[in-house]
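Look for subunit A in each of the two complexes below; its partner is subunit B in the first and subunit C in the second.
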Partner chain A sequence: MSRALRQALSLLLLACLPALATALWHPRRPAWQSDEVTLSAATAWGSAVLWVDARPDADFARAHIPGAVPLNEDHWDDQLNALLDQWTAKRKIVVYCSSLSCQASHDVARRLRDEAAMPNVFVLQGGWEAWRKQHAP
Partner chain B sequence: MFKRLLLLFLLPLAARADLRWTDTTVFTAASPSEGRATAQFTFTNTGAYPIKITATRTSCGCTAAVADTRPILPGQVGKIDVSFKTLNRRGLYEEPIEIDTNDPTASLNTVTLRVLIRDAVELLPTLLFWQPGEPLTPKIIDISATDGFDVTKINTASSSPDVQLDLATIKPGADYKLTVTPKSPHVKATISITPVVTGHLPHTITAHIRVS
Partner chain C sequence: MTFLPRRIPASLIGLIFLLFGALKAIDPAGFAIDIRNYRLLPWTACVLLALYLPWLEIICGVALLFNRAYRGALVVTAALLIEFIIAYSSARLRGLDIACGCFGHGTQSFHWPVLIMDPFLLAILIYLLKAELRPLSPVIRAGPGPDPE
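== the complex of A and B ==
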């Protein structure tokens, strides 16, 4: 029994080695912490949240989360300039796009974090669809 | 009975069109000023029946996919041309493209376009801010030339006279430091950084300055 247990532990240890190497050095390793935030968590932050809408301008014009500012990559510099007028380092930025499957919110969040070095940047899980479902009349 | 069962198993195999992708992931690199990055996905119909692409879907308006509209006969090669908007974009993008076909065994296919968008130089960071009450001490933007670009000079300009810029060359053609000093307690400015690159048209990158 103890021999079987030893063997099982040895196998587990062996499996951990490539996993650890992947976690440390793989160029596309998954993040230790997710940058996503649920709608209920983001809403609980209240006025500390600066909602950022990463959808195309036409979608933003049709409807958006109240108080949200547009920031899509087609008009990056102009819209970032306008966003900064409403931003302070204490505010939490929550970026959203259309739905769970869209990638634009992650791309915008990545650029705010990596290029602009802004702190507290999150992505809304489920995006605009999640917000609309909760606030549908 | 046995023959009927055999037919039942063999018929779906015979009807199989079979689509083989050359690559399901294609990597390309471009600069923002190019406007578009393009790539092509190809597949071979290795089955016995024609294959038709019935629809393509991309995850954002930044990607467009145009597929062969003609039926791809057995043994023939079909293609899907994909283009990705690079203007104002930077970094690595992964765009999934969903492709519907009339092949019942592979009606939905997903291929991925990976695009690396790089300017001639990289700025870090692109935003400098001074919080309320923070002393207006200088802050630095690191400017580094991207591999493959021959940077001969860096031009800088501020939209506000209340921002002083001092550019230092650390390693010619490779590394520079831009020291930014606000001269007023309320400054909102943009800094234009334009590298002069051999063989390329000038392309300006913007950094933002905020003093609350």
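== the complex of A and C ==
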């Protein structure tokens, strides 16, 4: 058993080396700071926020955060142009999708940073669900 | 006689870990988001795990595939599977409908691997580990007896 544990420890230590290399040089390494922002923090930014709705078009048409612009991966090029018309360098972009567990907002936020070279791109924690809960009649 | 039947499942599990680890290692940023979606750890811990876990899977996969540090690889892969099963079960119990992240960030809301495959693989690993740690019978330990001639 002690041999098994010794070997296990060696494997655990060995994995540290490529992990370190990934942290230093991998082109898709994660940022150390979280890009998520809470609804209260985002609403406190007031008119400096440009809301970006990453949900499918049908969901956006049904309801969305006032002033939000749609941007999903299905119509990326067209919708990105519309977003750029409204964006200024001083504005903070907050992307949201349907709920806490959806991925679309993270993917859209990452593409905005990587492909459109936009600074100050955040993801709304809890997404549309969080907004709806707070603004429910 | 038992060597070959044990090597086959060990190699298959090694191959699975190697492939799944490689898929995660391609996109560590996406994998960090998958880990965060479980809502169990702070972001910094998610980043550390996203950098580390794929490589641990790859190294253990290679070890099982090529029969190097075999016992240690069995222990680590079994521990990883237990961790995956607990994390995913906890997410499901909390009502989170998330992608498991098993095949990397590309897979979305794909639940069967963790629910079916991981417990199955864990059972095989426990069997292999028990077989590996079982003490040798006195006959095998003593080696061949004296020549009757």
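One rule holds in what follows: the second predicted complex is superposed on the first by the 106 of 137 C-alpha atoms of A that agree within 3 Å, B and C clash if a C-alpha of one lies under 4 Å from a C-alpha of the other, contacts with A are read in each partner's own complex, and residues count from 1 in each chain.
Operating definition for what follows: a residue touches a chain if its C-beta (ideal position, glycine included) is under 8 Å from a C-beta of that chain, and two chains touch if they have at least 3 such contacts.
Bear in mind the structure is a predicted one, so any value in this text is a computation, not a measurement.
Contacts of A:Arg6 after superposition: subunit C is touched, whereas subunit B is not reached. After overlaying the two complexes on the shared chain, residue contacts for A:Arg110 are found with subunit B and with subunit C alike.
With both complexes superposed, C is the one of subunit B and subunit C in contact with more subunit A residues. Contacts of A:Leu100 after superposition: subunit C is touched, whereas subunit B is not reached.
Using the contact criterion defined above for the overlaid structures, shared-chain residue A:Leu14 touches subunit C, although it does not reach subunit B.
Of the two partner chains, neither subunit B nor subunit C is touched by A:Ala82. In the overlay built on the shared chain, the residue A:Ala48 is in contact with neither subunit B nor subunit C. Once the two complexes are overlaid on the shared chain, A:Ala63 sits clear of subunit B and of subunit C alike. Annotation: subunit A residues 101, 103, 110 touch subunit B in one complex and subunit C in the other.
If you check the complex, the residues on subunit C that touch subunit A are 25-33, 36-37, 39, 43-44, 46-47, 50-52, 55-56, 58-60, 63, 69-76, 79, 96-99, 105, 108, 129, 132-133. Put simply, subunit A touches subunit C in their complex at residues 1, 3-12, 14-16, 18-20, 22-23, 26, 28-34, 36, 100-101, 103, 106, 110.
Against subunit B, the residues of subunit A that register as touching in their complex are 56, 73-77, 80-81, 84-85, 88-89, 97, 101-104, 107, 110-111, 114-118. Interface of subunit B with subunit A (complex): residues 59-62, 85, 87-91, 93-95, 123-127, 129, 131, 188, 190, 206, 208, 210, 212.
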